[in-house]
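Shared between the two complexes below is chain A, which pairs with chain B and chain C, respectively.
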Partner chain A sequence: MSTDAAGLGRGRAVGFVLPALVLIGVFLVFPALWTIYLGLTDYRLTGLEAAEPRVVGLDNYTAALGDERFRGSLWLTAQYVLGSAVIGQAGLGFSIAWVLRDRRGPVKRVTEGLVLLAWILPSSVVAFLWIALLDRDEGTLNALLHTPGLAWLLDHPMPSIIVFNVWRGTAFSMMLYGAALANVPPSHLETARLAGASTFQQLRDVVVPRIKGHVLTNLLLISLWTFNDFSAFQITAGGPEGRSEILPIYIYNVALSGGRLGFGAAISFLVLIINLVVAFVYLRLLRTRREDARREVAAP
Partner chain B sequence: MKPALVILAAAVLALAGCGTDGGSGDGAITLVITANAISGGKNAESADWTKQWVIPRFEAAQKAKGRDVHVLFQPSGVDDEQYKTKIALDLKSRTGADVIDLDGIWVGEFAQAGYVKPLAEVAGPEADSWEGWGQIPTAVQGLGIFDGKRYALPQGTDGRVLYYNRKLFEKAGLPSDWRPASWQEILDAGAALKRAGVPIPIQVDAGTAMGEATTMQGALPLLAGAGAEIYANGKWTGASQALKDVLGFYRQIYTTGLGDPKLQQEAQGRDKSFARFAEGKIGILAEGDYFWRAVIEPKAGVAPMANRDADVGYALIPAARPGAGIRGQDAVSMSGGAVRVLNPFSKNPKPAWELLSFMHSAEATAAQLAGAARITSRTDVNDQVLGVDPMLKFVSDEVLPVTAYRPPLAVYPQVSVALQEATADVVSGTSVDEAAASYQRKLEAIVGASNVAR
Partner chain C sequence: MIVLGGLTKEFPGGVRALDGLDLEIADGEFFALLGPSGCGKTTLLRTIAGLETPTSGNIGIGGVDVTSVPPGRRDVAMVFQDYALFPHMDVTANIAYPLRIKKVPRARREAKAAETASLLSLSDLLARRPGQLSGGQQQRVALARAVACHPKVFLFDEPLSNLDARLRLEARTFLKRLQRELAVTTVFVTHDQGEALALADRIAVMSAGRFMQVGTPSEIFRRPANTFTASFIGSTPMNLLPGVAGDGALRVAGAVLPLPAGVSDGPIVYGLRPEYTDLSLSPRDDAFTGKVAVVENLGTAHLVTLESGDHLIQAVVPEGEEPAPGTAAWAVPRPGRALVYRDDRLVSPLPADGAR
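Let's turn to the complex of A and B:
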């Protein structure tokens, strides 16, 4: 069997791949290595350390791990990912896809259109709308609920940005699950219904085993996106007093507003590692699932 | 296909990059001025003056000398901290405007980072022989000096006072020419305003969302009133009794309903406090003279008050008790001021210096005033305009003699943040002792335990 399916020859194949590799090297690998280096220095945006940064070894890392603000931020990020992505977006996205699976016509199109609209609007526009909605003094929500002066963004900053992010990002899960549900053979569901299975039993025993791969892929993607999501900054800026300061905002506040670029780089590297761990766990789950499936097929 | 597209995109970007060079070949040069000012928004009068007065006149003057110079103004209308980050990033990447507006307190850290250089080094010896130096008082020149070298031209200085709404005071049965002599009298007035139904009797900036405003309008004047400076005799003030007094005063305002703690946490809290004052919902507000000339100014202000001169009173910020302030004073203030620097990476440093010195000439300074209140850096101009506005005269005659300045050290902004966090703690209900202890810990981490005085 020939390994050169395209018939390019080694030289031309390298020629095709090289530009991409160079770009990846320049824009991805080099900055990543640079971040690791910066994380070992006391580099600052201004002051003496901006002109002559010193290597301080692992000081930034020990400082970060001992910093209650960092640990608090990590915990807020976990809440944000779990609440808005894993439970909110995936749950709501699946529910909408399930309810709309057999529908045709305007209801489906309008619902999908609205959910999609929340996803495709520019984030600065969306943030402005949400501030107008939740504002303490002239907010729409307070006008609707007749609760003047209720400061949603100050009293409940985390729930506010979690609900915001659910609203913002549900479209992706909805579309992915919509496509996945189309793969579930209607005959299986019908058989289950005839056998007297409840909706829950149908979901558990017919639908979920079919779309497990989609679920995992979806959770992997939205977890990583949400973990690195910065758009909440435009609504609360991490406030009040850091109570909605998820990691990306924490890094921005520390590195750019606070000028501690070296420390910020160290945190960024920690975030990169957390991302890799999350991705690794999901990929492991995906692989065991595929192996299970293969074994099932192989079994007589 | 994909790499080819990417290469194409890279090529387009590279070509586009070539178009941003300053010179256009025919001897014409372009200079850029930037400031945190924008027409119709923040510091609108400064933006309008730059565009309508400075640029046409400077271009005409250069043309008369046979030089083709274009000047552009790059406006901005954001929080001071964001503006600072933007300028620092510009200078770090060796780009940015030729003439840059900065807060005087940033000069030290920018100089240490190599982002700004002494004027004489950028522009040559004519910077030191400039006619204007003789007109600028030494204390004001100090705003642009770091390590004994002149880095910037000061635009002027300012002072902090307590503004009060005379209509609300009348409603609460308080005197229309209020002169509080102690912190207790401020609290008493606040209580009277509260009884009269004023929603926010007292607003003293607190918390981190307000940024440097918290330190400058709140924590530092109060600290001075308690008899301490943030930095004195080579040591930073830690959790001393004076600091605890300041935090105690904050606590009294914000836990007894005399102030609105939520307003201190909002991302746009300071702008909202301006709007609330203009709407007649705040009784007493601690602010700089900026508030008078740029915020509630009847015509160009961001929160204009049509009857400002009649409705708004101003008083010196009293010490905690008479004689308890720094240097034994009865009243205190804090001062700072904006400066302008030359970009050391400018391609046209000499014309840029001509532009900068033109912006600071007596004629230009007087034109910027246009009848409005402002303590300029130049005594020749102040002599002409003093007395036009009673507020200007008040700041110049009564506030500046009792004022104090922030230490021009690069580490100061971090200390300032620690102070803001301490005020945030007490406003949200933490006890004074806990907030002070946490401040002491942060301060020791920033400047080293041996540099902290208790």
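Let's turn to the complex of A and C:
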């Protein structure tokens, strides 16, 4: 069988692919390699090292791993990913999709419309709305709760940005789980109901085994997006005193505000490694699942 | 026993799927709900199961009003058209699932599953997943799951329709024997009139959310109460011809036929099954005259369509006696087999004992 379905021939096929490869090389591969190189130098935004950066080997990495601010930031990032992506977005998104699964009409459309609206608005607009909501003196939330003068962003910066990110990003999970639940045959849920299964038992025995692949894909995507999310900067800028300084904000503060480009590049590379590890674990889980499914079909 | 009283189900948007149904199904009875798609038969089954809530009316199972009882506590088991086997569980786990929900200990429920599986000759397949079973095996696993939890009522939603034709006949015989052995009240939904006639003790023919007729298969086949039932029951479509009764005779589509007893003068609809119509190639007075338009091979017989003026009349002709298309032929009603309707109600033959 010919592998050349389009009938282009090798030469022309390479011609079609080449522009894309060049673009990827120039804008993706080269900067990545450059970041790795920068991470090994003491390059700065200003001063002597800006003109003549020196290679310092692994000094940046040892400094980062020994730095309390970096480790604190890593811990905050873990909270941010777990709280806002895994528990918040995936949990809330699934709950909304489950509740709305066999509804038709205005309730479903309005809910989905509102959740989607939060997702498609530009993050700067959303950030401004949340600052207006949480403001100490004129904030809407304080007016609603009758708690004048409560400084949400200063006293509870992490919960604030976690709730902000849940609110902002739930739409994706809701839509993905909505589509996944449409794949669960109604007769399976009804069989469980006729056997007397509770909602929890229906989810455990019928729904989750059916949508495991969707759950893993969803968790992979939203954890990576949240890990690299910078929009919280527009609300707290990492403050107060670094109490909401998740890794992307930490890098920005160190590399651009602090001017230590080499150190920032080293931490960026560490973030890349963490992302790769997370992605690898999820993909591994997904693959064992697929192989299970295939073995099942292939057996006599 | 299942008792329905004034059962009505109206869906949002004003569709009346069930329209004031009253019915009693006896203990151990095999009851078929028969009708074309959209007639409400599946909605009725689902309402008995508790998967749909009736708009008004009530349902009793075994002497208890279950109208507002959730499906899990009605003690009914349902087999769905797609079998609804859980793909991630093996056959044992699937059969034992309702017992697991009822918190039967593992050893007991696995023993029960194995016992039920042997009743349905599934013993060799206990460790398989549904994806590794044929359609017929999946259907038996679904049956076994319903049987294993000893319900008061079985509800079957077209369980045979996903099988191929030959297997369907085998499964039909098997199902009837199983139901006789277990003697569990069974309600069975089908759109296949042959299946309903073959399996059921009694049949309810449904159309537009109402019962058109409720009766035993032979009652429904011999004396369909209205033209809808008449045209729906039977493996070939019944001839239904407009006519007039008067002067001691029936005048239907150009033929003058003897007037059955008890039919008063006036317009009628004349019903005659193609199986009870004989074909003659020589002229006769008591017959419909026409030209052979189509001949269809049914295997052991042929279905011949006569063009008689504006009407089409069909007759079943034994193998080897079929006429060539275009020839003139006379369709002779077999004596005593004709059905006469007035205002869509059967007026002849009337039952001998006066019962419906």
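What we mean here is this: the second predicted complex is superposed on the first by the 298 of 300 C-alpha atoms of A that agree within 3 Å, B and C clash if a C-alpha of one lies under 4 Å from a C-alpha of the other, contacts with A are read in each partner's own complex, and residues count from 1 in each chain.
What we mean here is this: a contact is a pair of C-beta atoms (placed from the backbone, for glycine too) under 8 Å apart; a residue touches a chain by one contact, two chains touch by 3 or more.
Being a predicted model, the structure only gives us computed values, none of them experimental.
Q: With both structures lined up on chain A, is it a clash or a fit for chain B and chain C?
A: Fit - chain B and chain C, as placed by superposing on chain A, sit side by side.
Q: Between chain B (first) and chain C (second), which does A:D205 come into contact with in this model arrangement: first, second, both, or neither?
A: Touch status of A:D205: second partner only.
Q: May I ask you to name which of chain B and chain C touches more residues of chain A?
A: B
Q: One more residue to check, A:T3. First (chain B), second (chain C), both or neither?
A: In the superposed model, A:T3 contacts neither chain B nor chain C.
Q: Considering only the touch criterion stated at the top, classify A:T191 as touching first (chain B), second (chain C), both, or neither.
A: second
Q: Put simply, what angle do chain B and chain C open at chain A, by C-alpha centres, to the nearest 10°?
A: Taking the centre of chain A as apex, the angle works out to 150 degrees.
Q: Contact-wise, after the overlay, does A:G259 reach chain B, chain C, both or neither (first, second, both, neither)?
A: A:G259 contacts chain B only, not chain C.
Q: Can you give the closest approach of chain B to chain C, taken over C-alpha atoms and in whole Å, for the superposition?
A: It is 40 Å, taken between the nearest C-alpha atoms.
Q: Report, in rising order, the residues of chain A that make contact with chain B in one complex and with chain C in the other.
A: No residue sits in both footprints.
Q: Which positions of chain B touch chain A when the two form their complex?
A: Result: residues 2-4, 6-7, 10, 81-82, 85, 88-89, 92, 106, 108-110, 112-115, 207-209, 262, 265-267, 272, 410-411, 413-414, 417, 421, 424, 428 of chain B touch chain A.
Q: Hey, which residues of chain C end up touching chain A in the complex?
A: Within the complex, chain C contacts chain A at residues 49-51, 70-73, 76-78, 80-82, 84, 86-88, 97-98, 101-102, 129, 131-132, 145, 149.
Q: Once bound in the complex, which stretches of chain A touch chain C?
A: Spelled out, the residues of chain A in touch with chain C are 185, 187-188, 190-197, 201, 205-206, 209-210, 296-297, 299-300.
Q: Please give the residue numbers of chain A that touch chain B in the complex, ascending.
A: 16-17, 19-20, 23, 44-48, 50-51, 136-137, 151, 153-154, 236-237, 239-241, 256-259
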